[in-house]
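Structures given as structure tokens follow.
You will see subunit A twice below: alongside subunit B first, and alongside subunit C after that.
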Partner chain A sequence: MKNSYDAIIIGAGPAGLACSAELANKGLEVALLDEQATPGGQIYRNITRTSSRQRTVLGEDYTEGLKVIENFEKAAPDYLPRARVWQAEPNGEVFLSHKKSSKKLTAQFLVLSTGAMERPVPFPGWTLPGVMTCGGMSNLFKDSSLAPTEPVVIAGSGPLLWLVAEHLFALNAPIAAILDTTPSKQYITSARHMPQALGRFGYLMKGVKMIAAVQLAAKKAKVPMYRNVKNIEAVGNEQLQSVKATCGNKQLEFAASTLLVHEGIIPNTALLRQIGCEHTWNPVQRYWHPEVNEHGATNLPAVFVAGDGTFVHGAKSAEYKGRLTAMAIAKQLHRLSKCEYKQQAAPVREQLHKELQPRPFIDALYAPRKDLFAIPDEATVCRCEGVTAGRIREIVAQGFSDHNEIKSIIRCGMGPCQGRMCGSAVLELVAERSGIPAEETRPLRMRPPIKPVSLQELANAQLEETDES
Partner chain B sequence: MPKYGKEYQMSNGKSKFAWNNLPSETVTIYFEDAPCEVPSGVTVAAALLGHDDNHFCRSAAKQEKRAPYCLMGVCFECLVEIDGIKNRQACLEPVREGMHVKRQHTLVDEKK
Partner chain C sequence: MKADVLIVGGGIMGCATAIELARKKKSVILFEKDEPGRHASGHNSGGVRCQGRDVREIPLAVAARAMWDHHEQTVQSDCGFHVSPRLRLAENDADMAVLEKRQALLNSLGYDHEVLVDREQVRRMSPHVAEHVVGGLACYTDGLANPLLTSKAYAATAEREGVTILSQTRVIDVQKTANGFKVRTSSGKQYEGETLVNGTGAWAGRFSEMLGDPLPIYAAAPTMMVTDRVPGIMNGTSLGLTGRLLGLMAAENGTIIIGGGYRSPLDLEKEKIWIDPMQMSKAAKIMIEVLPALRSAQMIRCWTAFEGCLKDKVPIVGASTKVSGLFHVCGFSAHGFQLAPMMGRVMSQLVLGREPELPLDDFRPDRFEQAA
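Moving on, here comes the complex of A and B:
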């Protein structure tokens, strides 16, 4: 490992893997940093080590990742797993913690391919042990083949909900209920995007088939399934015991020891915010995403963003975005002539456009529902500091609309997660109570270190350039 | 030789998860000083969830019991003490032979 590179890529999901491979293949000095122990990101998590049984359950969309890994391994850029980047700077400096010590690397270009996360949506009881996300369950299975043996309730909205349900049926997990929170009217409001989505008919059919298969499996196994579900609540004393919800006038309650929730996927902007990328608000999916062009170029000349971090478009798109970013950087470093660039980028851009065709439909169908953040006053919003929705509303009513101010007054967003879990909700609560549109409120600043590093480690950090090569 | 079958339990019986497909190699880690045999290569979070589902840590402010929520490094609800070092994210750390893992009950803000 050297100290200085042409490009440093942060995050080894499909975008980071494809980007670093493309750059290395063009003869550039590249380092790929990742906080996990094995490459693949979340979507292809642990793919180099999963058993054939795990791969059978996870299906083709998962094993697609093997090709990405193969290309990456052939290109062989420097790869540092278990490296936690805690600060990055627009001049290409990266500070990271690895094996209990911190050091600085520098590069002419940085690619932030830190991907996406599940939208954190507070509801009563969501902090109880036993409540986790659908993606979390999926990760657990990919990591370790663990599957639930006690009753599970699956609740929320979005393709991942159905995918995880499908996996759990394949594993014979005891599913207590499936609660779909997608409002029926979104099937109508999203319909206008259908013609464009039909450009990828096969992709749509795959989704339809998956949902139909889950519904059939649920019927066979007599698993209750409800649509238009609202007011999810986790009940229990220091551990989940049951899940309550409403469906129309009906009160539902299911005994369960695990509740898997999913309310969509949003870009993970922590590092992007810390470095200072400008962001734009998406009113359909209601999230902040960095302002980038087609190659992932940001307002910072040396900083690119690739993958789901630019906007949630899925694994295949992330791979294409990673390659396009690599080509743009190679062009800037004069490894590609204008003409070569045009030639190489055109087919990838075309593939990306094709891949994006169904996204407006999916984004509209699974848009966050209107009352998603109608959080009861007593529910905890900031998990770390234990701040309730009611307390946040009080502060907003006093005239505070900036999450940074709210944080300094009631510590909401000040804990170890640094606002990653409460950010989306605070934004919506501010909008609800103050009437200020979410996009006009000031987002939470991310201050380094964005990952916990001990003071001792900081004191001993090797921050001077001592390039051994 | 690794042990398989009903007589051999990697879980202490409290877990609501089971290994679906046991890896052939195991390592011994110490959870709250008690040895427990877990599949090699898995994350500390998976090892603990497969062993004992109780809780990983207590929340910084209210000392409520917490367990992993996101399992992808974002929520910081799986913070444990590993080999004497606090604030380790269990979902990102692979198990290692002889590793000592403890529940984190008081958050040490080492940035201060």
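Moving on, here comes the complex of A and C:
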């Protein structure tokens, strides 16, 4: 590893892998940094090590990643796994922790390809052991072939819900119930995006088939499946014992030791906000995402964002976005002439556009439902500091609407995660109580370090002196 | 729109001044370019500290400290204030000599709020301090408060007392007129007033320049970090050092706020601060030497804010010597929070043309010219 590069790419998912490969192939000095032990990001997690049995269960959407890895390995940019980036600056400085020691790297360009995360949604009992997200379950399986052996309930809305259900059926996991919380009326409201989505008919059919397969498997195995479900609740003392919900005027309850929840995917903006990228609000999916152009250029001249971090578009799009970003950087560094750039970018851009055709439909169908954040007063919202929904409503009623101020006063978002887990909920609680639309409130600030660093490590950090102005 | 007094800056200084003037039946309009408490006043480290103050500030600080006990009555909030004794440590004999001299000086001036403590007493107050610490100077009455809660309580009280607070309203132009001042704001409106108070914090020099009264204030970005919860280590005592830069505040929830003079590079125009990890690394080194038990504590967040500073490290509080009717309250050099309640009092007295209850000669705006 060197200390200084043409470009540093943070995050080794499809976007980061494709971007760093493309840059290395163009002869640029690049380093790819990632927190995990192996490349692949969330979607292709652990792909260099999974067994053929795991790969069979995970299917070709997963093994697709092998090609991405192959290209990456051929291009062979510098790659540092287990590197936790805790601060990055618009001048190209990156501070990271690796093997319990922190250091600084610099680059002319930074590409933030830190991906997406599942939308954290507080509900009664969500902090009980036994409650986890569908993505979390999927990670356990990719990492160590783990699957539930005791009754498991799957609840929520979105493609990942069906995917995980499909995997669990394949693994013969004892599924106690599948609770789809997608409101029926969103099938109607999303329909107007259908014509455009049909441009990627194959992709849509894949989704339809997956859901049909899950339904069939559920029927065969006599697994209860409910649609239009509301009011999910995890019940138990020290450990999850059952899951309650309502469907129409029916009260549901299923004994279970694991509850897998999923309420969609949102960009992981922690590093983006810390470095100072400007964000805009998406009213359909209701999340903040960075303001970028097609190549991922941000308001900061040396900083690009690629992949799901710009907007959640999926793995294939992430790869295209990563490549487009690489081309834009190569052009700026004069490794591509204007003409070459045009030639090379055009087909990728076209593929990306095609890939994006079904997104408005999917985004509308799986939009967060209106009552998603109708959190009961006694439910915990900020896990780090133990702040309840009721306490937040109280402070909003006193006239506070800026999460930054709310944080300073009741500590909600003050803990080590800096509001990553409660941010979405606080935004919606503020909107609910004050009537101030989310997009008109000041986004929550993210301060370095975005990941905790021990004082000993900080004290020993190899950071050369920076000039103080 | 007209008022007796126009106040620029919705930090704690502007709001404290506004409250006192409104209580003395003056009409007040206060302009704040962002929100009250957005800058230093809402984002300082909450140290309510008399200890280690420049002797020129001590009378004000002692008077202010008494007022911190009565916020429930004066601003209808306890401001999150609680006592956390502050202990300034001597790491060697030379440090101890400095502290002894300091106590002797304070005693000769008639103050007894800083008390010398020996090796054993230090360990009773703060059981985890390193072996090499030989003694200290304690201030048992110092404490901590919640800065944003305090700033908001001040702003809310000002409004209750009838002050018009215009948030998101920047004063972009100000002119001296025959009978006072005329200001123009970013919302395109004009306001008139007889007197004008400059409480613009880090922007105070710039603001005052508009009236042809430049002040030698510069902006700095004191930078702090906070740890995860490490209950039991600080024992409720906040710490400072004598020969090196470090301040450690023992927050009630078990986290530790670390600062004491570290600064980050900034751009005041663009309102950007780049938190400098090198500074935090330096602080961490010293911290581990002083409290080895904190080695494995985690730094979970840094923060910073703009502060107006002066090279002699005490503020400018008083009437402009160049523009009649203009009053400054600025340049608190990273320790104004504690003084705020008292600043409201003396500023209102100045504005009303009365003799301030404590002398302010040391804080004259023209003191630098006199020295030159």
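Methods note: the second predicted complex is superposed on the first by the 464 of 469 C-alpha atoms of A that agree within 3 Å, B and C clash if a C-alpha of one lies under 4 Å from a C-alpha of the other, contacts with A are read in each partner's own complex, and residues count from 1 in each chain.
Definition applied: a residue touches a chain if its C-beta (ideal position, glycine included) is under 8 Å from a C-beta of that chain, and two chains touch if they have at least 3 such contacts.
Computed from a prediction, not measured in an experiment: that's the story for all the values here.
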Touched partner set for A:Glu35, first subunit B, second subunit C, both or neither: first
Comparing the two partners subunit B and subunit C, which touches a greater set of residues in subunit A: B
Contacts of A:Thr258 with subunit B and subunit C, given as first, second, both or neither: first
Which of subunit B and subunit C A:Lys100 touches, first, second, both or neither: first
First, second, both or neither for A:Thr149, with subunit B first and subunit C second: first
Contacts of A:Gly423 with subunit B and subunit C, given as first, second, both or neither: neither
Partner chain(s) touched by A:Leu463 [first = subunit B, second = subunit C, both, neither]: second
Touching partner for A:Val453 - first (subunit B), second (subunit C), both, neither: both
Partner chain(s) touched by A:Gly296 [first = subunit B, second = subunit C, both, neither]: neither
Subunit B versus subunit C as contact partner of A:Gly65, first or second or both or neither: neither
Common interface positions of subunit A, toward subunit B and toward subunit C: 411, 415-416, 449, 452-456
Subunit A - residues contacting subunit B, complex: 35-37, 42, 49, 51, 53-54, 82, 84, 100, 117-118, 120, 126-127, 129-133, 135-137, 139-141, 143-150, 171, 238-239, 257-258, 268, 383-386, 411, 415-417, 420-421, 449, 452-456
List of subunit A residues in touch with subunit C within their complex: 87, 89-91, 95, 104, 276, 402, 405, 408-409, 411, 415-416, 418, 447-449, 452-456, 458-459, 461, 463-469
Contact set on subunit C toward subunit A in their complex: 35, 37, 42-43, 146-149, 152, 227-228, 253, 263-266, 272, 274-278, 280-281, 284-285, 287-288, 294-303
Residues of subunit B touching subunit A in the complex: 15-23, 39, 41-43, 45-47, 49-50, 53-55, 59-62, 64-77, 79, 85, 87, 91-94, 107, 110-112
